[in-house]
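See below for the structure under consideration.
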């Protein structure tokens, strides 16, 4: 019988092959897709996430786990859709106009995915208009803006205005090294997180609220 | 015959006695009060001011000159009033609420006086209401606010609002170590100066404009 | 006060080592061999009021979290944290104490979780001059000051300091006029008398509670002079002399029982260490965020704690400014401590480089040179009371500067040399007897109404 | 490249002194005996556009006025000013050149009025990756880059630098995956090839105009690794190894004619100095405003210029942040130069304290320790091309860290030790031959479309 603990362990170890196998087996045995997701994949990622926060493991290990999860998800997703299970939320994340820094943004995306979000990567140097367009076409409920330069921070404000003027109702969170809570308040973003781990908590809050 | 150059020299040296004597003599001889003021007193202070800016002399020397000027002014003032000569302008200067730093403010006052301004010293820890009241009672055309603490800077904004709400039309300039032009713009002061010497230039601009 | 220096040989005048070690907080030992970073911080632009209080708390949380995290990362062996109240927090003591508690709790947790040894210094800001002329020994503001003091042990403070301002009513005027007599009156008479009263009160509380009475700073006098000199408002020689005049006043706290480390901004520290043997906190290039100064290195030469004076909680490109300072202090201390681990000869070597790199260039740096400190300290303690000591301080500083500028040991700007003569002349006119000076000063019309003699027991 | 080190004895590996001195600007001599401050700065939060351009200019005026004034006050003997363009200023070359002109003019005036010796380094930011995948040798962005380069002499630049990013398309991925093979490919293959093309172009211009080609930094690789390690994203040992891998790439600029001082943020500088004899600019605790780092002191050990990396023009309690940095750099340099004035033995003493205070605590600091730099440099130059050198760099860094952590000379965290083994294993699988590695990398699906092989002559 497919053991959800084995699946979680496979994720933790980043053992892609086992993860896919156990997922398939579980589904074949009629385990509920939602249970496979929660008790297997998300549980495994949860353990890795905790270890990462405790500085026991590093990002490469998280990435390996995330890749194992991704492979298993490819098997699981159709079943989830069939069963009417929605992803936690859909997010659109990008780096604002004029700014090419994307390592931080990419880590945020990876962490969100690991926690069950569906994420559209808008890339870097994304103009306000492009954000509006992508917000519309993706239907994301959450938009994340990243900026690393003091001279591109103002582009965040412009992007938020453009999104709001265009009637986009998604929640907007911002981040990047020079960003502060005070700046987030000032430009009326819905939230700010200082790192990728807390970005997940924030995203959860914003999407659930 | 009273020589305006002697008067200026007396001011420069801070020679109170000679300054008063020459002023009296000049007035007795029928020299125009305005000429005594401009070519004697203000000219002398101008030289000292220049030397100060060039780091040739220090504030104590400027203060001594200012005191000599003050004594001479006591003689000259009634005549100026008779002749209908107005002071350059009347200014009200104080340190904002919660703040006790006053050395900088006092130097600004001293420099303004040395340049022909009439100045009311509002003191320290001056509340917005007290500023409004003093602005009204003094009829000052120029108000100067000083703040040295990051935690009393916001009191500047409040004071400006209170003054404007009360219909006070005087120009408002601000200064103090933590103040910047950007902050001045933000709270819509009419001007900012980084030191006492440039405060005089600014005051002139604001009052003449 | 004993008439011999606690440190009278230049080879015993060392950073990290003080004759009287201070032990406090969570296993912190000051003056026992290692130089310890002392981190300071303040609020960015914001109002402190009921509405904003929550925001204020958040600022301090963010500051201390960032600082402690960096200290742990850089394996700082011991850390001193200074919290200096802002006027609103002294005037509402529970506010000041709430932040003290918050900091102490975080430091406790960090000690338990990561073993970071630390102590918390609470520096109370002197609000008495909200009355003008100030009431020094009674009234609302004195009450507030006592209120925060009385709650400090319970709130978790390990050390108490204050930067008292008694005499400043005259000190400011004295500075902008380069009036050395008035400076001596402000510091050596008014300041010293107020310190005696105030520090008697503080050490009394400390004796009851076990909080360490640390020290007081003549910041409102001597650092104001330094800032004015940096702005070319007053001659540097005058600022140098005022620094030395401030020594006897700051000594009063120690005579009343203060144990050090003296306050970071009290650049008179080396004198206090030589004379009284207490460990000292100093600041220099590390505190450029707070004051520009001509003593960036020499101030470090014989320090026991090394501080950044104060920096706002604003975001730099890397992190918030207090975290940035924490990092800089940690590295400065690492350097000193590595040299110290090689033995005294290496301490002396580094000390002398620190001293030599500044002292020939500015009179304010020169009077902090360890050799000069010992020379002048010797002369100061030969005198009996703070007034005479202050007078002697001024005389010896002036003499030394004249002598050593002639010998080319210290550079004094052309247009400042005449000031040394003028100050010397002023000094010659001052009476040897304190009572006479008081008499003279009470006569001066410009000082009338500025201070209340009775508040100084005059 | 010669197969002997320019500095091969530890007693010749000194701060302030480099085998090849650089003379430039207004009487500036780098590597000739004195350590020189290099001041850097950037804009606070603001937009750069037509509407705001006037405001941008005002910012740079305020910055340079404050910095020069403080340098004069502190009698800084020589000053290097770095202006690093922001993307908008590279993409509109006349903007970048206008600010260059402004700075040069102010520095000229200051030299005439106060005798402050100074030189201006213009660092062009690499905008080529605005195209993704980047076009390295043609197109609009390459044109912009050339545009600013071509105007630099006339605008008053004394030195040219760039922080080129060729290979970063792969480098970022390599870092977050701790993929040492991909890192070597990014730096030693792609980066090195791009550098050869780019620096050939730059030195060609410099030869025509007399501007000094200074250096290039592997900042986008190795400093990114350091920042990631400080955030506990990747193991410090990996960041340390990437730092060493970056050496052969940065050497390419020198082989193409760059003369130093190398870029401040190129912490690989000591290797470049040992191997090629060029003077180097370094940053450490002085640059805490820009990057937190575990190499605050050791980075200073053999520097020729000492920098703050970059700080925004924001107001601190004392002055604006660039002025604050200027003061700190001035004092750090004073200390080093005073020790140097005593002779080589004292330089070595201070160098070793700087080095010893950090190097046992972190592998990133350890690989900058002068002795280790010489050891590894020797092995790097025994190889023939950048790929082989990079491979050897990685191998020797890994070996040295394993060996010396076993011997207790450098502390490596428990959970990082296994990474050393993993990296070693990865290294064993890499081919000795560059062509084979290229083949392998071109196969990897995750890299497909990320970079254009032809742009690297592949």
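For clarity, chains are labelled A, B, C and D in written order, and residue numbers in each chain start from 1.
As a working rule, a residue touches a chain if its C-beta (ideal position, glycine included) is under 8 Å from a C-beta of that chain, and two chains touch if they have at least 3 such contacts.
Please read these numbers as outputs of a predicted model, since none were measured by experiment.
Listed here as common contacts of chain B and chain D: C.
Averaged Cα coordinates give chain A a centre that lies 61 Å from the centre of chain B. Between chain A and chain C, the centres computed from C-alpha atoms are 51 Å apart.
Mean C-alpha positions place chain A and chain D at a centre distance of 34 Å. Spacing of chain C relative to chain D, judged by their CA centroids, is 39 angstrom. Each of residues 42, 312, 317-318 in chain C touches at least two other chains. The set of chain B residues that touch two or more partner chains comprises 150, 178. Arrangement of the chains shown, judged by which pairs touch: an irregular graph that fits none of the line, ring, star or complete shapes.
Pairs of chains in mutual contact: A-C, A-D, B-C, B-D, C-D. Listed in rising order, the residues of chain C touching chain D in the complex are 42, 70, 73-75, 230, 284-286, 288-294, 296-297, 310-312, 314, 316-319, 321, 323-325, 327-328, 330-332, 334-335, 337-339, 346, 349-350, 353-354, 356-358, 361. On chain C, the positions that touch chain B within their shared complex are 42-48, 86-88, 129-130, 132, 172, 175-179, 224, 228, 231-235, 312, 415, 419. On chain A, the positions that touch chain C within their shared complex are 150, 177-178, 180. Remark: chain D residues 315, 317-318 touch chain B in the complex. The residues of chain A lying in touch with chain D in their complex are 55-60, 63, 98, 100, 102-103, 106-107, 123-125, 149-151, 153-155, 178, 183, 195.
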